[in-house]
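Each of the two complexes below includes chain A, the first together with chain B, the second together with chain C.
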Partner chain A sequence: MRESLIMKIHYGTALASVALVAVHILFRLTQGFAESLQYESVIANYKFLPYAGMLEIILILLSIHGFNGLRVILLELKQGTGYEKSVTYGCIAAMALTILYGSRTIFMTSFGMV
Partner chain B sequence: MIDERLQIPKTESKDIISPTKTITLRISRSNPKKNTEQKFDEFKIPYQKWTTVLDAILEVKKHLDHSVGVRYSCRQATCGSCGMKINGRPSLACFTKISELKSDVVTVEPMNNFPIIKDLAVGFERMFSTHKRLKPYIINEESEIKPGKKEFLQTPEDVEKYIQFASCIKCGLCNSACPTMATDSSFIGPQALAQAYRYVADSRDKGKDERLKIIDDSHGIFRCHFAGSCSQVCPKGVDPAMGIQLLRGYLLGFRD
Partner chain C sequence: MAKVDENKEGVKGMANPTRYGIERFAYLLMRLTGLGLLAYFVAHIYETSNILRGKVGWEEFLQITQTPEGHIILAIVIGMSVFHTVNGVRVMLGHGGIGVGKPTRPDYPYIPQSQNVRHKIAIYSAIVLSALAMMYGLAVMFGE
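So, the complex of A and B:
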């Protein structure tokens, strides 16, 4: 994949994340902050499917953005073909694992498995 | 009788010349071939208002220590040979007057992000090879002189797009100031990127896609963090940081 396309995705995920995290914070403000973190409140949020969907999207956006950012930082720290390949594939694997584990939590909670 | 007001006062020759001051010139000394560690040698050098740092270094070479390693040529900020760190800032030694530094101690060191050959002289091989890789010439199949087509006309607006970038003298000060070059040894660098923009923005050139392909790499244009140091140190008023941002516009689809 060309670097310009990767960076377009990087900038796009950043902008979308800012917008969606802002919505997420606004939702927290509808009730008291401490109250919003109570167990029942958190479970209720996950069971509200549009909101759970938004959390899933935030998870994907932040994982892509964050792990690509980590890849860029690591590529600037050290150079070498083997190192660069391992950084790239390592970051893709870590991103996939984060998305899978986060999605598992969201799906299990949304469908009442917790 | 002679009117006193018309008489020119007698002066000693020393009154005409501005008073000489002295600075301490600290020169970084190192020789990687002999594995010598970097150290600083200090010299007391007299200077005038117009004395440049290069003049002071050459004074040291001439009278105090012939072994100081320094590269220079034109002495008028045209050849780009005498780039070095002067009091921590990448500058051309021939273009920096000691009187303008406003310091009693002037420290000169080799430029950062370049391999040291000896003392103040650094190797430009990588910068020149990267510059060459970006095809720094007009690519146009019709550029050969053909009957009836001897020149490509440009409007002043066409020229305005790239002309400041054509002033680059390849002195390497921008690469020396670049924080990304300090950590990423494969980074193309502001000098070559600004030159890529110079040709991409030229209406006579048809090699835009070739050049954009080269810079669209994991160590290419997107590793620039827009610190802007390159533009601050350029002795010719080129703004590589702006060139890089304009070049990014082509890759991100904001420019054609």
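So, the complex of A and C:
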């Protein structure tokens, strides 16, 4: 993939994340920070499907943005064909694992498997 | 004769905020906050997965994170995210050619057009806003 396209994705995921994370934080503040972290409140949040869907989108957006950012930092430090390939595939693998692990929590809680 | 690379200072040179101005400092902070936020993001995903352990497991984990130390770490995360966001918007605008000035003939002291007062104000604003957000976060977390 061209680096210019990757940077457009990087910036797009950043802007979308800012908007959605703001909603996520507002949910914590409108309920009161400590109360919003109570078990029943968290479960109710996950069972509200539009909110759970938003969490899944945030998870995907931030994973793409975060691990691509890590890739960029690592490529700035050192270059070389083998190194660059390892960093790229390593970051893609870490991104996929993070999305899978986070999605597991969201899906299992949303569908009442807790 | 031994090969001497005087200009190669490595990470130490990269981390020196005094020589290359606020732009270099912002560059370094952008990367540090990015790494910090990625670490927090992964930790947050692990933290929230404790909900699958049921009410007891969730409350056990809350006892670890909902402490004064946990609140201070969260306040640092708030500061990092505000700086990363505001400075990130500045960088995006700069990459889009907004606020970087018009090309002119290079004259002494050869200050690049892109490193102008607008970008310096944006960097200082990012630092001030992140400090304010941290204070607000601390007030919310310790106020309850």
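Assume the second predicted complex is superposed on the first by the 114 of 114 C-alpha atoms of A that agree within 3 Å, B and C clash if a C-alpha of one lies under 4 Å from a C-alpha of the other, contacts with A are read in each partner's own complex, and residues count from 1 in each chain.
The rule is simple: a residue touches a chain if its C-beta (ideal position, glycine included) is under 8 Å from a C-beta of that chain, and two chains touch if they have at least 3 such contacts.
Predicted model, so just to flag it, every value in this text is computed and none were measured.
In the superposition on chain A, contact is made by A:79 with chain B only, not with chain C. When the two structures are aligned on the shared chain, A:59 is found in touch with chain C, with no touch to chain B. Applying the stated contact rule after C-alpha superposition, one finds that A:100 touches neither chain B nor chain C. Of the two partner chains placed by superposition, only chain B is touched by A:8; chain C is not. Once the two complexes are overlaid on the shared chain, A:109 sits against chain C while remaining clear of chain B. Contacts of A:33 after superposition on the shared chain: chain C is touched, whereas chain B is not. Taking chain A as the reference, the larger set of touched residues comes from C, when chain B and chain C are compared. In the superposition on chain A, A:67 makes contact with chain C only, while chain B stays out of contact range. Put simply, chain A uses residues 7, 11 to touch chain B in one complex and chain C in the other.
By the touch criterion stated above, chain A contacts chain C in their complex at residues 7, 11, 14-15, 18, 21, 29, 32-34, 37, 39, 42-43, 46, 59, 62-63, 66-67, 69-70, 73, 98, 101-102, 104-105, 108-109, 114. Looking at the complex, you find that chain B touches chain A at residues 180, 183-187, 216-223, 251-252. Those residues of chain A that touch chain B in the complex are listed here as 2-4, 7-8, 11, 72, 75-77, 79, 84.
In the complex of the two chains, the chain C residues touching chain A come out as 31, 34-35, 37-38, 41-42, 45-46, 48-49, 51-52, 54-55, 58-59, 62, 66, 81, 85, 88, 92, 95, 140-141, 144.
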